[in-house]
Amino acid sequence: MRTTDTPPALREDSSRPPNPLFRNLTAKLASLPMVLTALVVFVGCTGWTIVHSFTGSKLLPKLKWVGFDQYEKLWNTRRWLVSIENLALYGIFSLCFTLVIGFTLAALLDRKIRFEAAFRTIFLYPFALSFIVTGLVWQWILNPDLGIQSVVRSMGFTSFEFDPLYNASIVIYGLLIAGLWQGTGFVMVIMLAGLRGIDEDVWKAARVDGIPVWKTYVRVIIPMMRPVFITALVVITSGIIKVYDLVVAMTAGGPGIASEVPAKYVYDRMFSSQNLGQGFAASTMMLLAVVVVLIPWAYLEFGGKKHD
Amino acid sequence: MTDAARLLDGPRGPKPTRRLSRRNIILYGTLSVMALYYALPLYVMVVTSLKGMPEIRMGNIFAPPVEITFEPWVKAWSEACTGINCDGLSRGFWNSVQILVPSVILSIAVASVNGYALSKWRFPGSEVFFTILMIGVFIPYQVMIYPIVILLRELGLYGSLWGLVLVHTIFGMPLLTLLFRNYFTSVPDELFKAARVDGAGFWGIYFRIMLPMALPILVVAMILQVTGIWNDFLFGVIYTKPEIYPMTVQLNNIVNSVQGVKEYNVNMAATLLTGLVPLTIYFISGKLFVRGIAAGAVKG
Amino acid sequence: MHSVSIRSLDLHFGAVKVLQNLDLDIHDGEFLVLLGSSGCGKSTLLNCIAGLLDVTDGQIFIKDRNVTWMEPSERGIGMVFQSYALYPQMTVEGNLSFGLKNARMPRAEIDERVARAARILQIEPLLKRKPGALSGGQRQRVAIGRALVRDVDVFLFDEPLSNLDAKLRADLRVEIKRLHQKLSNTMIYVTHDQVEAMTLADRIAIMKGGQIMQLATPAEIYNRPGNKYVADFIGSPSMNFLEGDLSDGHFTTGGENLDITGYPFEGPATGAATLGVRPEHVATGHDLQGLPIQAEVAVELVEPMGSDTLVWTTFAGQSFRFRMDGQAEVRERDTIRIGIDPAKASFFDKASELRL
Amino acid sequence: MHSVSIRSLDLHFGAVKVLQNLDLDIHDGEFLVLLGSSGCGKSTLLNCIAGLLDVTDGQIFIKDRNVTWMEPSERGIGMVFQSYALYPQMTVEGNLSFGLKNARMPRAEIDERVARAARILQIEPLLKRKPGALSGGQRQRVAIGRALVRDVDVFLFDEPLSNLDAKLRADLRVEIKRLHQKLSNTMIYVTHDQVEAMTLADRIAIMKGGQIMQLATPAEIYNRPGNKYVADFIGSPSMNFLEGDLSDGHFTTGGENLDITGYPFEGPATGAATLGVRPEHVATGHDLQGLPIQAEVAVELVEPMGSDTLVWTTFAGQSFRFRMDGQAEVRERDTIRIGIDPAKASFFDKASELRL
Amino acid sequence: ADLEVTHWWTSGGEAAAVAEFAKAFNEGTEHNWVDGAIAGSGGTARPIIVSRILGGDPMGATQLNHGRQAEELVEAGLMMDLTEIAEAEGWKDVVNPPSLLDACTLDGRIYCAPINIHSWQWMWLSHKAYEDAGLDVPQNWDEFVASAPQLAEAGKIPLAVGGQAWQSNGAFGVMSIAIAGIDAWTDVFVNKNEETVMGPEYTKVFEAAAVARELSKDTKVQDWNQATNLVITGQAGAQIMGDWAQGEFAVAGQVAGEDYTCLPGLGANEVIDTGGDAFYFPVNDDPEITAAQKELASILMSKEAQVAFNLKKGSLPVRGDVDLSAANDCMKKGLKILADGGTVPSGDMALSRDILDELEDLLTEFWSDHSYSPEDAQKAYAEIISRAE
């Protein structure tokens, strides 16, 4: 089909495509802080850490190679193993409970209730407080001589026992109580925002189908909120991996080493034991774990289809 | 319009609902129980901070104060000791403000430009850098302490306020960039194209078009950053020096240094005083926060 | 027996009165279209019938059962939404059977019903797919299927086509029409697209501001609109209106005095009034013969639309459009002779805007 | 001189080839409509012309200047978007002057140009308002104004009406047409609504899969579609197609042997072919006289559409529709006599689908 | 000049003691003491201190435990050489025991100023608690263990041990010297002989530790001084804690011998270890600061400051030539042991921090986990010692 008046050949023309490097140069320059941060800080520092994990650095980072010694020692250290176990436990519980509580609260708030703003504020405010504060106040509330246990006992239940911070077998739940208190509010807000984004018609369709509310949530709404859950997941996991301040503020790893976590192991080995190499090895292991978890996820999330 | 436009027998009007239906009991019951769990610590903090030490030692922590005293607050603010300095939190307050303001501004500025560039000016590799940032969210920052010390030293920023601002900007970048990127992605491309046809460049579009539209997400970013930076202890103490130690250093000192018995009332007052700024922001802007999160976090 | 009856229905959102004292009877097996501009309360009315909104006052009957207080799932209605509201993570089969499973219907019967609905809607090959992998038209069929399996008396459609592009819309319209002929359930169909309304409806209820302006067959509404709002709303391009005065068989407008013998007045035929003439009822060429109203007008703009051509002119000092055959050769600035048949025109009272 | 010339344009998104070796010349002052179904590359082409997408290969000339690598703002184009893309936080005046300010034009001249554009578009009273406080039509005018103030050679419209409801769409269509007559700039207008294309265009370019299928005037495209795709795409309801065989002045389809004398073949007139007949070109009643093709058909479905009625039947064993006057009284299951004028029909080669 | 001094002395007695230095410095020179206290333990403060030094923006002076901690910083040339002042002021002659100065010495140069002697080897007993229970105050470990059940019956915690890891670790260290004896201890810590750990002396230590663990199980506090406070208030019978606890008794206005009893070496082996704190002076290129640093170093070692500081802190002065007539009972006991030469080097100096922390992890786990048998702990302990360099 003829679509031109003159023969459709390329014309002689001097203008050549510009060098692609300089197209939208401003955008590239403006992204420089991000690029530098990504390369220098996140890649560079991580690389630095990994390199030094193969050294025998003590107080100061030094390139004194020791091969895999640090790793060997790491995996022979009881405290590291306990830390990992704790992190796994805390992580799983924290993840599940944060999601469940966060979602439940959001769902309840989304039921067109009265005083929504008040409830929401109450659930959210702990997020404004630091872990030092969270640790302090919960340490106190959970203190058997002052807090809940003593109050319940003073009401006559003298055999009541609730001292999670002093009982190695349940200390992780003590941490959990405080951690959830601090963090679920934010997840709730994310969930609430997600619920508000759901097409009203889906609810109506489910009502016409006669599906009970709880079932609608479980079978229809939650599966629809995948992106929201992913955002929440990123927020929660990044918090879990870094959980340090809370442990330090509440138990300092105790009783014994019952509430040690990897981040604290890293920190203590680096700064207290003055064995940087060991700390770096531990943090490299943490990073490795993150990457192992993240890469399949990132592949599923971004690799298969290009969105937006 | 009808054959017989009048009411017949049987139910009419709104469906009667009992205020105390089972649904409502469960709904408000659960909410109230949860609210109790969330509110309890704040209550304990407030109540304790208003009691005197003898009363704390005697009574239980949930009992309201018999005799209200503001002594602990005064002490926490201006008398509590750290080492040999006994001027309480007041020392760090202005430092915290001085750290907070530039850190919040710079970190949001950088992250918003990142998000804008990532959503509207994608260039080859931009997603790679973004992915690296996102992995950065998961790196425990203790690991970064020494390398960053060395980095700051090389930049000549170590020990200065600007070094700390830089650190906050770096560590705030991943999450904030994600938020801004998602938000700006939801701004219609057409608007961006229209501005380009109108001859606006990268910065023209950013300042004149994008930023004025980014209010909801700016609020979220601001809240997150204010909270994070205000509550930060580790960076504040490692990358600065005593003249500019933030308030949390004093808080840590008050809370963690025990002079004889633990002065719980002073601790609680100090805690509340420190949390006042972020708390106020949350209480004021809760609604904007939810709206902003909806705009920035959920999509993408 | 009426399929759906609505008595004195009121619905308020807080202070906003969305529906006011609305009465409506819908016959068994009828295809009723609720038509009206955005925000007039169509969806609200539909939701009240479905039980998705609690009415403020009044009664709703379905098959002569008072369902005012019943749950949506008990009312014997099925609903198809604008966005279809399919459950995105379930297969088509899951979407169809979800409601039935929930009602604890035996497995065998569920399968049978799903199979039957799939057969009627011709979506058998899609049963294992998820909604995301369906085209717009297929999705709609699944949404209809969800109502179909539940064997309901009344189908409610809330603008099921308005998200689609023109071509698909035309195709699906026909499908819905065929489906109605096959099933002969009662269908209540909300739209703000008049082509849809005209082609689908047995009767159309035109709504405005929470009230029904006219309830009649499409032909009646097209030819004898009950008031000026309806007249203006129906027809595209819309009716020409000429303001003027009526007196003994004549209509004076913009200096012209028009002979209107032949118009079947129902009430008094004097006073300030508006004459409405559809662009397609304006005659040209041969058809002019014998028409009492004729005039020469200058062509201002020609809009060729393929099968016909729309011509813009000024008549009696007022903007005036008419439709000609698509093959007609008219140019801008031509002069052309037009004629109006009073029998095909409408008069409205100036004040009440009701048909005279 | 050509206003816009495109030479061998390629555009790929990664592996997806959206535009392929596309050539196009647009005359000065022409109103060109790019028409095609969703995803065919219309917006992409427009964005390439505007400079909002970097082409993969090829050249673009505007007013004989090679603009292939120029910034959008330097190309002398103005663009109007589907959602108008007005800057929500600026007043109308701010919206209009934004581009001029960016070009560092003196204040006085900016004011003058804004005033002029506001006058042309009759939006003077709105200058201080923000876009949120404008109606759809007003917004469109502002969006056009934004291009107008910049005194551009070429206006680009990307589906400026598709977000609007039918009524407003019809009004704004006319406004754009009037504006074009007034300004006589080159306008390139993207749509997938054929009514828009037919009414607005001087020429229409029909696109499919990143290529131009036919470039011609609306009448030519309607009456003599270049291939089967175009024939099917244009016209609503769309053309009837009958599959069969051509041989010496006859067309055999579904057992019927049709006499097609009068069809102006351009090429060989034998072999497997498809006959296309528009529903509105099917004759009934008086008009049957003298038509070589005639048949009795049974009415299966009647779609009244106000001004006309669409009748569904089966002809030569294939589904067949035709249009009748809106007043015609037809019922389902009636039998009706229809006729086809070969001169108004189209034949397409079965394999290449090109017009014969 | 302003001289910033970093330390982690923030408890009541500690802060009062530091204030003495600050006073002496502010009054004795035209310089100004800028206090950089970081609460928490060395674990919190140390990264801050090291970062500051590494970052090229060091403080003027900083507390560090001497021993191996600062060795690398010194090697890296980041610490000021104090040899000149030390020689000028004859530190070598006055510091007693001389091992303290050795710890500051690298390749014959002196890099830190030792400021006090801290010994872990003390048990503090509450008179009030024993009176309440109607018992006599025990005079050694065995008596204490014997009295424990009655004490517990009277509602007292027999042995107060705070929750932090270093406290149980320290208590174990004290018990090992007291119970296993100095020779065995030296063989383990100095000679790193793991066989001795498995020997009979250490078996007794672990058994004793298991007992102590049982006696302390009701202590529900974290900080050491909260535990001390339990002793002060008579809620607990005893605490094994270093001499710094004495500062707390002093702040509470209690008098040794009347309100509390102190037993060096658990009353069995009366020795004290000679750990302690020292001040380091990071290299600084500002000559004014360098001058101030030197002045501070000499003030820290001055007789007046030593006396004032150590009286408040409850530790022993590093100079043998000061008059401590104002010292209380316990301090005098300590001084006497010191004068008699009953000292052992501190574990800090004998083992690397890394190994010490591993031991600490082991012991804190043992202490808190009542199902952890002494035999297993002993084996694990031996394993760690075998890896020590």
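So that you can tell them apart, the chains are marked A, B, C, D and E in the order they are listed, and the count of residues begins at 1 in each.
Heads up, the rule we're going with is that contacts are C-beta pairs under 8 Å (C-beta built on N, C-alpha and C of every residue); 3 or more make two chains touch, one makes a residue touch a chain.
All figures in this text were calculated on a predicted structure; none of them were measured in a lab.
Contact with both chain A and chain D is made by B, C. The most distant chain from chain D, with centres taken as the mean of CA atoms, is E.
Farthest from chain C in terms of Cα centroid separation is E. Chains joined by the most contact pairs: A-B. For the pair chain A and chain B, the distance between mean C-alpha positions equals 16 Å.
If you average the CA atoms of chain D and of chain E, the two centres end up 90 Å from each other. One inter-chain figure worth recording: chain B and chain E are separated by 41 Å, centre to centre, where each centre is the mean of the chain's CA atoms. The geometric centre of chain B is 52 Å away from that of chain C, both derived from CA atoms. Shared interface positions of chain C, i.e. residues touching 2 or more other chains, are not present.
Listed for chain B are residues 145-146, 252, 255, each touching two or more other chains.
Within chain A, the positions touching two or more other chains are listed as 267, 270. Pairs of chains meeting the touch criterion are A-B, A-C, A-D, A-E, B-C, B-D, B-E, C-D.
Looking at the complex, you find that chain C touches chain B at residues 2, 5-8, 23-25, 54-59, 61, 66, 68-69, 212, 215. Residues 47, 50-52, 71-74, 77-79, 81-89, 98-99, 102-103, 146-147, 150, 158 of chain D are the ones touching chain B in the complex. Every residue of chain D that touches chain C in the complex is listed here, in rising order: 37-38, 165-167, 170, 173-174, 177-178, 181, 192-195, 198-199, 218-219, 222, 234-238, 278, 280, 301, 303-307, 310, 312, 323, 326. If you check the complex, the residues on chain E that touch chain B are 4, 7, 9-12, 15, 18-19, 22, 33-40, 44, 47-48, 51-52, 54-57, 59, 223, 225-226, 229, 248, 251-252. Across the complex, chain A meets chain E through its residues 58-60, 77-79, 139, 143-145, 163, 166, 168, 251-258, 267-275, 278.
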